[in-house]
Every structure is written in structure tokens, then in C-alpha cells.
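Structures given as C-alpha cells follow.
Next come two complexes built around chain A: one with chain B, the other with chain C.
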Partner chain A sequence: MQESSQNRLREEAGKLLSAAAVEVVVGYGDGHGGDGVRPLFARTPDEAAGLVWNDACVHNLATYLSREPCRQILLRGGKVGIVAKGCDARALVVLLQEGQIARESVHVIGMVCDGVLDPGAAVSGGTAGSSGAVLPKCRQCEVQTPPLYDTLVGDPAGAAAAEGDPLEDVKDLQSMSLEERWSFWTGHLARCIKCYACRQACPMCYCATCITEKSEPQWIDKPSHLKGALAYHLIRAMHLAGRCVSCGECGRACPMDIPVDKISRYLAGQVEEAFDYKAGMDPEATPAFRTYREDDPEDFIR
Partner chain B sequence: MVSKSDLSSVIARAVSAGYEVYAPGKRNGKVYLEKADDGASPELDHVITVNGVKDILLPRCEPLADFNLTDVSIESIDAPAAGRVLLATRPCDAASLVILDAILLDPARDTRYARMREETVVVTVACSRADAACFCTSMGYGPHDETGSDVILLPAGDSYLVRPLTEKGKAFIGEVGLEADAGGEPDSPPQLTRTVRTEGLKAWLDENFESEKWRDVSINCIGCGACYYLCPTCHCFDITDEAGVARGRRYRIWDCCSFADFTKMAGHQPRVGRHARYRQRIMHKFKYTVDNVNLTACVGDGRCIRHCPVGVDIGEILESLPEGGAARRGGPEPGSREG
Partner chain C sequence: MASFRPRIVAFLCNWCSYAGADLAGTTRKKYRADVRVIRVPCSGRVDPSFIIKAFERGADGVIVGGCHPGDCHYVSGNYNARRRFYTVRKLLDFMGIDSERFQVTWCSASEGEKWAGVVNDVTDLIEKLGPLEAFKEMGRAVLSDTREIEGVAGE
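This part shows the complex of A and B:
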């Protein structure tokens, strides 16, 4: 099924490029030496033949829309094609809602996805996903079929159904006391080297200048001591509340093995609980922080 | 000879001899070089730690001085003087120190690094295996290379042959009760699967500061600092103050050319665009350092390849740059936003 999806993907991307309907298709290609998978920018029909679709396609490519060359193409009114799994398409929905992309300037090739493999095993030199286990987020996936697409590749009826609670793995945080949570996070964040891989991998972190880069005044302590790391991760958490689509890319990108994604996913759970809103599920919905209701809960304000 | 299982008692003896010991330790299946307590037993079966030895000798966040604006006083904070031992580092990490020495000790002397370095014993455990990212042999080193080590432990079955290489190393093995092995046959070094061809690279870099290839090779890069901060030879830093109304502290912190505010000065950003920043990374390692100290600032440890979240592969890029002269295609125009 993956192979037929891959053929279909190549065909669709090739058609878009030959018809000059898009200037580039951002998708996945083979890693160096055929090892694993990495992002591929296909600009010609020939290059589209190098696109791959398999269970190592873990990256959320939506982060590239705010970067060169996509950003420049979009700014001058050009069109970009992008390959998106369900979780990636949720990010595209938020980017649309927030006015970062125009609907007509992006051609979304949505992929019906059964889950991608946990690339953790690649670190010791194996191929991506050689552990054979799907990422935890995939076991609880609610968007095997992307919530937004122009072309759908794969059979929605054939997708495996979600099991369990998408926020299952942040439940352990909920059950901790305040002190336990503090020690959990300070223990992790003390190791943060401030490489900002979490921010850069995040499709929602598209600010032209991150507040961490503002030096007049210096709002956020630059050093990677605990105070500086906490300041950065807390402000990122606040910026992502109600916007995080739980793609988990921040956690995957972290070289220090800090479960960064748990922070924003925890907040996603809080927003869902308080406002019954999940970011990126419905392009027609109004985001939680853009609505006001008389009966909005406020008991979380303490 | 020292048996593998006895390395934990070497840690214990080094700790009781007053050394701060740093050794590989496992966390969530990944291995990091970290401070080892008395009683710790080092990881030995990994390929290489996630972090490099610069983590210890050129720390990511170093307080330099406290200042007080009320009485206009400055109190400098010295680098820690205690002797430390980097136990069970890999040969590429030890070699990275020789490169850092060449850059940081002469002619301008980084006194903090110098002090830390003088007080540090490097005890290397030669490699028993390599992974697909390792390319040390292409950079002139190897799985059993001695560059930069004070002592090298060469695997021989379940034990290591102990080879002190410097006076510091001889003194250290004496202190922890290890005996030098003059003879003995170590296991043969692992065969690397990766070769990175660098013929013509320097000549190409000399001529191609402006090339469309820079956009091509950096297109996947998302502009984070993971490869820079894990790299054992990247050494750029920033100085930053944390100031309250009356008092403050000055720090030296890691910085890197991947970031938009790197070397940004009043009214001028010298590297606009990700390609310009990635170019700086390659130029610094494979041209500027060669021009300045006649060393390539890369030891082939492969961390940047292993840990890049988007599969950027420096070996592939180094090989592709001099190939075929011009770029494969024209790149996009430069834009205002970069990150």
C-alpha cells in the first residue's frame, strides 16, 4: 500500500510541476546513501520521481513554508506544493488560520498515514525506524486522513483506527504534584543547551525574530543555565498554547533527549479541556484564543 | 592491562585522588559525557557520546564576573581549577582538543580554556565499533588514533592495554594504580564504512565564497544549532550580561553562525540567509582554520550527521561542493526572513 501511495505521490507531484502549477514540491526523499528519509525539494518532474513515501517519513515539512525557498516563493505570489501527513496538515490549518499562508498558494498532497516509525534507533547508526516501533503519537493518532488537502493519496477507509487517548503520555505529568512536576522539568531543562532545534523544527514557531533573539532589551536570559532554559521553554509554551498540533517534532529534534513536546502537548490538553478546542483539526473553526464567550471558563486563572 | 569491568574502580580512585571525573553515562538509551560519581561505571559499548568534550572544557555557559553598579565593583569568577579527567572519551574527541588548543591557546590565549585544559587528563578508550556517520579516517585520524590523548586504552578482548602517551598520562595512571603495557596485541580497529573525499575542497572554497551551491546544499537546514553545539571543534561564543538594577553577572555562552543574531552588529547583519550561515560553518572548518592554524576543524566524529533533525549530511556536502564546478540550478532569491 505504501508503494502504491508512493507511485501516486510521484505522479501527482510530477503533474503539478510539469503543469507549473507549483514551483516546488516539498516532500521526502532518500537519506544519504539510501539511509532513512529526509526532506526533498522537488522542482522538476524528474526530481519528483525521487519523492518517497514510507514509514520513515517523520518530519513535519510545514516548518519549511516559513523558510527559504518556500517563503520567498509565497511572498512573490508563487505556489508551493507540500506533502503532508495528518499531523503535518494540522499545522497547515493553523498556518492558514493565522494568515501565514493563503489557501490558494499552497497545494497540499495529503497522505493517508498509518503511523511513522520512531527514529530513535537511528542515533546509534541504524536506519531510521530500525526499532520497528511507531512513534507514540501515531498510536493515538486522530488524523490518519489529513484535515486539509488538495490531493489525497491513500485510502482513508484502509487507515488503522486510533487507539487510546492522544494525551495519554502527558497524563503522568497531570498526576504529579506541583513539586514533582517542578523537579521533573528542572531535571530535564538543566540539560538544555539552547540549540533551538525544538523551535526550528516547529511549524508554529514562525516569528521573523524570536523573542530570544531580541537584545534591546534582552527579554530572555541568553545563557543555558536553568533560569535561561526555563525562561525560553516557558515563553515557547505560552506562545504555543492553543496552537500546538502535537506533531512532536520539537521532542524528536532535541539532541539532549528532553521531552520538549510534552510541554506544549500538556497545554494542548488544557486548552481542549477548558475550551473544547483542538488546534488544526478544522480549517473552518475559529481558534480558541480568537473567540470570546461570556461563559468562557476562567477557573484555570489562579 | 585493565579489565573493562575495572574501569569503575579507576573512576573511584580518580575521584578519591581529587579529580573531577567525566565519563560516558547512559540516559534513555543515549550516551552522554557527564560528571561521574564515585561508584559510577562508564558506558563502553556505545559508538560515541552525544555531546563532545568541549562541553567540559569550553562550557556552554560560564560565569565570568559579577558586577555591582552601586559601588562600581567587578569581581571576576575564575575557571574551576580542580584537576579533571575525561575518562573513556573517543580518539576523535581527544583529537578535537588539539584543534581547540591551536585556536584558543596561541597567539591569543584564552586564559579560562588554558587553565581548564592544563588541569585535564584525557584518557581515551579506542573504538571497537563505528557507525554509518563516523568518518574520522577521512579527516586523518582513526579508531585507534592517539592525537590529543594523555593515555589511550586499546581494546584487547575483555581488557584494555594501557598506553600512557604523555607525562601527564604517566602520572595519572600511577595515581590510579594502572600499569602501562609496553607490549600486547590490541584488537584490530573497526573498519569504517564511510569515506569522505575532500580532494579539491580547499581549492574550491578558496574560490567560491559566492556560489549558488551554498543555497543548494543548505536547502534542508532548518537553522538550529544542534550540529554546532554537539560539534567538538565549534568554539564560537558570545558574552552576555544578566543585569538587574544594581547588580549583574557576565557570562560567556556558546554561540553559532546558524543563528540570526550571530555577530549581528549595529545596523548590520553580516550573514543574511541560511545559505550564508551554512557557508560560514563550512568555510570556518575547512578553509579559515586551515589558513590560520593549518588544521581542518573537523575530526570526523559524525555528530552533526547523526543528530541533524532533517538529515543534513556534511560528508555528502563536502564531496558535492567541488564537483562539476557550477551549481545544479539557480537558487531562489535572498529573502528578508531567515531562521
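This part shows the complex of A and C:
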């Protein structure tokens, strides 16, 4: 089924490019050495023939819409095609809600997806798909058919979500004591080198000037010591609360293997629980922190 | 540690809680003096970064005071803030920081007595929890790092 989806994807992307309906199609291409995939920016129908679709397609390509070259294309009124799994399309929905992209300037090629492999688990198995487990986010996936697309590739009826709890790792942490959690996080964050790969990988981190770059006042200490790292990750978590689509790209991008995605995935769960809002599911919905209910929880208030 | 006096930062809404705190003063209510008040236009002005920064700079506790629900001078500032504060508390807890160190109170301009009570209660609470050593250690580590680097540069 993946093969037929891949052919269909190449065909659709080729059509868009030869009709000049979009200037570029952002998708997945073969990675170095044949294993895995990497992002591919196809500008011609020939290049579109190099697009791939398999269970190694973990990247959330929505990030690239607010980065070059897509940003320039969109700014001058051009159109961009983008390959999106359901979880990536959730990010596109948030970008739409926040006015970062115009619906008509993006052509979404939605992929029906029954889970992508955890790159950490898949490396040893040779070709992607031959071994390894799906990413935690794919467990009980509700968006195997993307919530937003112009062209749908794949059969929605044929997709089955993996079993298990997508927040299992987060709940493990929650069951620890306060002190254990503190030493867990300080242990991890002490290794943070402030490379900001988590921010760069995040589709929701599109600010032209990030708070980390502001120095009057300086909210976040520049050096990569624990004090600055903790402030950075706390503030980043709050900036993503109610917006994070739990794609897990921040954690995957971290060169120091800090599980930063746990923080935002945890908060996404808390927001859903308390405010009944899941980011990126419905372009018409009002984001959790842009509204309120009179009966919001306030048992913590004196 | 015999005489630990907590440092508490309070962000008070200009229209309600700040006036309430003022009333506590003008009516000569006695309350614990370990609180440093910062006046903000609305509890909705309190960015979570303020709270994090306060802890980072040595606060043992933070209080935010806003208008009672329905009384906001800007109609819905406190409602919006309530969602954020709920989330901040959840986040602090997840990271291993006792969320009781961050308190929120609805306190109107006529509730000088309530304000005095809240400050006393929170001060007692923070005294019980002790200093927020975790953050202070981090600050000290940075300071000694800096000195080391400066020492090398000075040689």
C-alpha cells in the first residue's frame, strides 16, 4: 500500500509542478546512503519523481513553511505544495489559525498514515519498515486521515492505529515524586547546549525574533548553564501550551538526547484535560488560550 | 536556617488587589512583611515568564492577585490569566518544582483584610516549604563558573 501511495504522491506532485500550481513541493526524499529519508524540495516534475513515502517519513515538514525558501515564496504571493501526515496537518491547522499561512497559498497533499517508525529503534534494522516500533505519537492516532488536505493519498478505510498509550513515557514521569522529577530534569537540562535545534524543528516556533534573542530585558540567560536552560525550556513550554500538536520533533532534533518533547506533550495533555481543547484538529475552533470559560478550573485560587 | 525569612514576590492588579493591599495599609492591618509588591495593570498582564524569572532571581514564592471573576477592569483579563496560571502550576509540578510556591488570589479593592490573610497564609506556607534551594544553587553555580572564567582571564 505504501508503494501505491508513493506512486500516487509522485504523480500528484508532478501534476502540481508541471501545471505551475505550486512553485515547490516539500516532501520526503531518499536519505544519505539509502537508509531513512530526508526532506526534499521538489521544484520540477523530474524532481517530484524522487519523492518517497514510507514509514521512515518522521519529519514534520510544516516547519519549513515559515523558513526559507518557502517563507519568501509565500511572502511574494506564491504557492507551496506540502506533503503532510495527519500529525503534520495538525501543525498546518495551527499555522492557519494563527494567520501564519493563507489557506489558498498552500496545497496540502495529505497522506493517510498508519504510523511512522521510531528512528532510534529503526536504525539497526536495515531498510526502514523491516523492524522497529512506531513512534509513541502514532499510538491511538486520531488523525490517520489528515484533518486538512487538498489532495488525499491513500485509503482512509485501510488505516489502523497502533495500540498503546501515546503518553506512557510522560505518565511514568508523573508517577515519580517531586524530587525525582526535579533530578530527572536538572540531570537532562544540565546537558543542554542551547543549540536551539528544538526550536528550529518546531513548526510552532516561527517568531522572527525569538524571546531567546531578546536582551532588553534578558528573559533567558545566554550561556548554556542549567539556570538559563531551565528558564528556556520552561518559557518554551508555556509558549507552546495549547498550540503543541505533539509531533515530538523537538525531542527528535535534540543532539544531546534531552527528551524535551515530554514537556510539551505533557502540557498538551493537561490542556486537553482541563480545557477540552486539542490543538490542530479543527481550523474553525478557538485556541485554548484565546478564550476562556466561566467554569474553568480554579480550585487552586485563594 | 534558624531565621529563614521567605522572599515573596506579588504581582498585583492595579484595579483590585493593589488597591486591596493599599487598603490593608491605610486601615493599619498588620501582616507579614516578607512580600514585595509589583503593580501590574491586570492579572492578565502577568506573563508566565515573570513568574519563572522571579523564581530564578531568588523568590521563594510568587503570588498573583487579580480581580474576582466578572470584575475585571478589562472584562476578561483575569479569566484568560486563570487558564495560564492553571497551566503554569501544572508545568512547575511536572518539572519538579512545588507548585504551591506559586499562588493566585482573587482580591478586590475592598478586601484589605483578605489580602493580609493571604499574605500571612502564603508566608507560613513558604516558610514550611523552606527556601527554593534548587534555583539558588543554580545561581551560585553560575556565579562560581563566571568567577572561574574571570580568574583564568585575569592571569
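Criterion: the second predicted complex is superposed on the first by the 280 of 302 C-alpha atoms of A that agree within 3 Å, B and C clash if a C-alpha of one lies under 4 Å from a C-alpha of the other, contacts with A are read in each partner's own complex, and residues count from 1 in each chain.
Convention: a residue touches a chain if its C-beta (ideal position, glycine included) is under 8 Å from a C-beta of that chain, and two chains touch if they have at least 3 such contacts.
Note that the structure is predicted; figures quoted are calculated from it, not measured.
When the two structures are aligned on the shared chain, A:Gly99 is found in touch with neither chain B nor chain C.
Using the contact criterion defined above for the overlaid structures, shared-chain residue A:Gly77 touches neither chain B nor chain C, since it reaches no partner. Of the two partner chains placed around the shared chain by superposition, chain B and chain C are both touched by A:His225. Within the superposed three-chain model, A:Tyr196 lies in touch with chain B and out of touch with chain C [touch as defined at top]. Contacts of A:Ile211 after superposition: chain C is touched, whereas chain B is not reached. Once chain A of one complex is fitted onto chain A of the other, the partner contacts of A:Glu180 are limited to chain C, with no touch recorded for chain B.
After overlaying the two complexes on the shared chain, residue contacts for A:Arg43 are found with chain B alone; chain C is out of touch. When the shared chain is aligned, chain C comes close enough to touch A:Glu298, but chain B does not.
Chain A residues in contact with chain B (one complex) as well as with chain C (other complex) are 221, 223, 225.
Residue ranges of chain A in contact with chain C, taken from their complex: 173-174, 178-186, 211, 219, 221, 223, 225-227, 230-231, 234-235, 237-238, 241-242, 263, 266-267, 270-271, 274-275, 288-289, 292, 294, 296-298, 300-302.
Of all the residues in chain A, the ones that touch chain B in their complex are 31-33, 35-39, 41, 43, 59, 63-64, 66-69, 71-73, 75, 120, 122-125, 193-197, 199-201, 206, 208-210, 213, 215, 218, 221-225, 228, 249, 252-253, 255-257. Residues 27-30, 32, 46-47, 50-51, 60-61, 130-134, 215, 219-220, 222-226, 228-230, 238, 240-242, 251, 253-254, 259-261, 273-275, 305-307, 309-313, 315-316, 329, 331-339 of chain B are the ones that touch chain A when the two sit in their complex.
Taken together, the chain C residues at the contact with chain A in this complex read 48-49, 52-53, 56, 69, 76, 79-80, 82-91, 93-99, 103-106, 118, 121-122, 134-135, 138-139, 141-142, 145.
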